[in-house]
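By letter and in written order, the chains are A, B, C and D; residue numbering begins at 1 in each of them.
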Amino acid sequence: MRIVYFAWVRERIGKAEETVDLPAGVATIADLAGWLSGRGEEYAHAFADPKVVRAAIDRHHVKADAPIAGAREIAFFPPMTGG
Amino acid sequence: MRIVYFAWVRERIGKAEETVDLPAGVATIADLAGWLSGRGEEYAHAFADPKVVRAAIDRHHVKADAPIAGAREIAFFPPMTGG
Amino acid sequence: MASTIRLQSEDFDVAAETAALTRGRVDIGAVVTFTGICRASEAGHDVAAMTLEHYPGMAEEEIGRHVAEAERRWPLLGVVVIHRHGRLVPGDNIMMVAVAAAHRGAAFAAAEFLMDYLKTQAPFWKKEERRDGSAWVAAKSADDAAAERWAKALEG
Amino acid sequence: MASTIRLQSEDFDVAAETAALTRGRVDIGAVVTFTGICRASEAGHDVAAMTLEHYPGMAEEEIGRHVAEAERRWPLLGVVVIHRHGRLVPGDNIMMVAVAAAHRGAAFAAAEFLMDYLKTQAPFWKKEERRDGSAWVAAKSADDAAAERWAKALEG
């Protein structure tokens, strides 16, 4: 599964994108954020306050309980500050 | 006293402005509209529905009960449709 | 605050007026413009042209009072109001408002406030040339209601 | 409805975009534009420059969804949304929205709706260069509240 990161989530993790193989049991955005947090300090730092990190599945905003099955691209990023 | 007319008030009366000498007892905008209405058919037509005709004293919007003493210029016109 | 109020029969250039508002400044974060344009059809009838009559002197003063009131209500950094008079055909610009501020909330609110008041309080009158002759445009109760809401906002 | 959505690093010309919206048309009575400009000072600190990061692909799609929603809510005759990315300095244009409609109520409402949603939902992030280093701009709760009011307006 392709995962992309933006803004300070990207900076903390140290990469803009990666492709990961998910273990069974990672079913929602919250599960994925939790699993990523366990991959190292940089991930733990990025997801330190999981409520602040927003997510999108295939370019649509989703909530933490959204199921990720079938997703092609999942994005994690801070609250938006465009406009 | 100088009186100016705009839009269909002007068209009905047939003039854009005039200077009039007011008789005693004409104290308010409503009094003035009533007095003008008695000056001829064209005036009666212009002021046929006095609630529709708006007034300004010295370039400030006023209501029908506004006193006209000391006014330099009084204007009568329909509701505004600018913008 | 820089403010420009002009009544003219000639057309105006929204871009040039807006550029003049913001040129050389780094404190303006938001510019809202409104342009009113003559339409070929109003309320179901065709309009070949319209003539805008105004009350010279009072029109400028009345707009000036509204601009001052807007400046009192919101932290503005610049206002332009230009209103044309004379004969206009469909597609012609009628008037424009531009408001500059640090943030968008003030710019949007002041632009809408100015438009609502100009529609109901500025001494302009439109006469339309229609297929069956010419006729003065009637004031819209929707415009009065729009202007009313600002009075309510003040009380509330 | 004609709509233009563009993300670009280059500057844009509000006048040219607006002219393209209205050219040759006589059904448009109102055009509202919003221009967002980079300020030299935000929330009390100096800003030397800012860099706008965006999510390519999603940014266009998300703006497109908001434009479609605005068109569903109001009778619009044209919409332009342009958002820049990359490095900008104070005085530079950041983004613009232009909305054309027959009447001003729809044009103002749709322009504000689009701005409120773009601020909180379009995937853009600003990083400011400040005197003490660079920092990501924090989302404002006022912007969330502004976007919320449209959801309430739908329910109410």
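Definition applied: contacts are C-beta pairs under 8 Å (C-beta built on N, C-alpha and C of every residue); 3 or more make two chains touch, one makes a residue touch a chain.
Quantities reported herein were computed from a predicted structural model and do not represent experimental measurements.
Think of each touching pair as a link: the shortest run of links from chain B to chain D has 2 of them. Chain C and chain D have Cα centroids lying 23 Å from one another. Centre-to-centre separation between chain A and chain B, using Cα means, comes to 71 Å. Multi-chain contact residues of chain C (touching two or more other chains): 36, 104, 115.
Along chain A, residues 83 each make contact with two or more other chains.
Each chain pair that touches appears in this list: A-D, B-C, C-D.
The touching residues of chain C, when paired with chain D in their complex, are 13-15, 18, 22, 24-41, 90-91, 102, 104-105, 107-108, 111-112, 115, 142, 146. In the complex of the two chains, the chain C residues touching chain B come out as 36, 52-55, 57-59, 61-62, 83, 94-95, 115, 118-127, 136-139, 143.
Residues 4, 6-8, 56, 59, 61, 75, 77-83 of chain B touch chain C in their complex.
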